[in-house]
Amino acid sequence: MTYFSKKGNVLLAIITLVLVLIGLWAIIFVAPMIPQQEWAQRIFYYHVPLAWNAFLGYMGVLVFSIIYLVTRKSKWDIYALSAAEVGTVFCLLILITGPIWAKPIWGKAWTWEPRLTTTLILFLLYVGYFMIREFGGPYERSSRYAAVLGILAAIDIPLIYFAVDFWAPAVQSHPQRDMSAHSSMVLKIFFFSLFTYTLILINMFRYRVHVGKLELQKLEESHV
Amino acid sequence: MSSEIRTSDSVILSVQHVAKSFHHKKILKDVSFQLSGASASVLIGPNGVGKTTLLKTLAGVMRPDSGEAHLVSLPLFTENFSHRKHLIYWSHQSLFYPAFSGMENIRFFLSLRNQSIHDQKIIEQLDYFGLLPQINDPVRIYSAGMLQRLTMIKMILSDWKLALMDEPTSALDVDGLDHLNHLMKQWKEDGRALLFSTHDIGWAESWADTALCIRNGVIEQEISSPKFQDMHHFLSEKR
Amino acid sequence: MTLLHLIKKEIRQEIRAKESIISMVVFGTSVILLFSFAFNATPAEFSRFLPGLMWMTFLFVSVLGLLRSFSAEKEMDAYAALLSSPVDRGSIYLGKLFAFWIFLLFAQLFTMPLFALFLNLNISAHFFTFMVLVLVTDWAIAAVGIMISGMGLRTRMGEVLVPVLMFPLLSPVLISATKVTHTIVSGSTLAGTNFWMMILFTFAVVFTATGYLTFGAISEE
């Protein structure tokens, strides 16, 4: 049985695709130009939802990891792993889209902007998370270690953010904060984009969970 | 009726539906059994069948995926650790701190059990087992047989109701085996429960009241007062 | 009571084997020497980088010590006896944490003067604050470090995983400790350091609590 043999999954994927295309059209043709930023600003219709998704993913890791440690049911481990993988994909995309915006606006690709820096540290943390999944020994043990690490990483996020935010107060202020000052169309398109990206996250997460369950099934069958 | 009450009274360990996987391979599928006081039980089964896993799980070194167990009505496999003062674990390895002397190791593990024993008593035991000359040496330089003797001293001086012993006869010389036989007899007389694994089914025959025969992750057979032939028969069955 | 026995065991173990402290002191000393050769700068130039370099050094030094912190448990599998004893996992964690904290402080007792001697570290302006800073920062490093090295114990590539997992987790600690040290070295007023001290204290408390609660999942085989 493949992921798309379920009607609900097909429907969800089609709806998401249509909404993404509408969003793309709106961002290119409908969204108003913002003075001084011109086209570069439009990446924020993507950049911010990406960050939102990474955040959702990592919060998912926290919740699923705690449930896994308490119940020790493989299902929750698969959820935690899926959330971690999906979250890290979005984390990487933040690290790519951030500098794309920064280059024309600030003149250099990388600045130690607090949120970008926090994202980079988180990305490194999750590289470690996947390493322990790989090298932690038998599944049950590496899953347990990964769960602890998922919890530690989530607790660390606010501390990293506060530390980094105060560490480099000289860097430019956060560009998104003044977005609400602009026309209501900017906000409408932004929230539309946020919604479609959340849908993308849900699709990816469900697909990864499906694959995770298949992997588990295959592994269990191989022992019989 | 009254005899039934007595049996349930003397149950020291009861294990229900314990399951444990490694790499999603179910080593233990559904293991249930009971041990009563003043009895010895042997775990037999082919290699890799999960005897060590079961002993480690009961000892608290591992946690099972599912299942329950009670040691004198205290739950195992929870955050509560009070049951562990009633059990002691004898593993393949000798479980000592290599840089400490035998004396220090014994003292440390007794202190964790909240038992304060006069040093003189430890020295008496060391003397009895012929370890007195090495009293200040780190156990790192002890031979395998000496380590087994030290383990016996640890068992003698600790209070416990259930012993989990993984291959206790390995690396024992004739003299050491005599010591162990003597202790087995005494422990049974004290009313304690013993659960051990061994490949030496001859030795198992002389001590076991019950043989728990494990295969395919379950206890296939429980043989009471097992004979050598019974156990040999079970082990040589090809399945 | 049990905790006391566990701490005493760790310290006696270290006195016997001397693994952690010696490797930490020797490694720390050679790093400090290398720094003075590699940068070859005037004290004035160097003071800008000194706080960061110092905490980086101690982070690396602590990894070395942490990699040894479970070696005595492993050699004859004494860990199994510890885990089957009537001791809660949280106490095992706290015992290891406290002992490693002492070892790290001890190693710093020898290496810190070298920073003063070779690299002109001057903390005389705020000596007391500096002491508090070192105590808290070391505790934070140990709180995370013992959890991670507890995982490394049963893991392939533990030597790689410990630093890879530890450094990003400790980044707020490194940032905060460096900032406070900067202020101390510059001799200016400490008003700005409250925020950083708060981050350090919060980190130490939160991670100690998490370690206490999750060490069961880390320690079991």
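Just so it is clear, A, B and C label the chains in written order, and each chain counts residues from 1 on its own.
We take it that a residue touches a chain if its C-beta (ideal position, glycine included) is under 8 Å from a C-beta of that chain, and two chains touch if they have at least 3 such contacts.
Bear in mind the structure is a predicted one, so any value in this text is a computation, not a measurement.
The chain occupying the central position, as judged from C-alpha centroids, is C. Look at the CA centroids: the one farthest from the centroid of chain B belongs to A.
The interface with the greater number of C-beta contacts, when B-C is set against A-B, is B-C. Each chain gets one centre point, the mean of its Cα atoms, and the points for chain A and chain C are 32 Å apart.
Our note on geometry: chain B versus chain C, Cα centroid distance of 39 Å, whole angstroms.
Between chain A and chain B the centroid-to-centroid distance comes to 50 Å (mean Cα coordinates, whole Å). Chain B has residues 63 in contact with two or more other chains.
Within chain C, the positions touching two or more other chains are listed as 220-221.
Multi-chain contact residues of chain A (touching two or more other chains): none found. Across the complex, chain B meets chain A through its residues 21-26, 63, 65-66.
Interface residues of chain A, counted against chain C in their complex, comprise 69, 121-122, 124-125, 127-128, 131-132, 135-137, 141, 144-145, 147-149, 151-153, 155-156, 159-160, 162-164, 166-167. Residue ranges on chain C touching chain A, taken from their complex, read 144, 147, 151, 154-157, 160-161, 164-165, 167-169, 171-172, 175-176, 179, 195-196, 199, 202-203, 206-207, 210, 214, 217-218, 220-221. Across the complex, chain C is touched by residues 56, 59-63, 79, 81-85, 87-89, 91, 93-100, 104, 108-109, 111-114, 138-140, 147, 164 of chain B.
The residues of chain C lying in touch with chain B in their complex are 1-2, 5-6, 9, 12-13, 16-17, 72, 75-78, 80-88, 216, 220-221.
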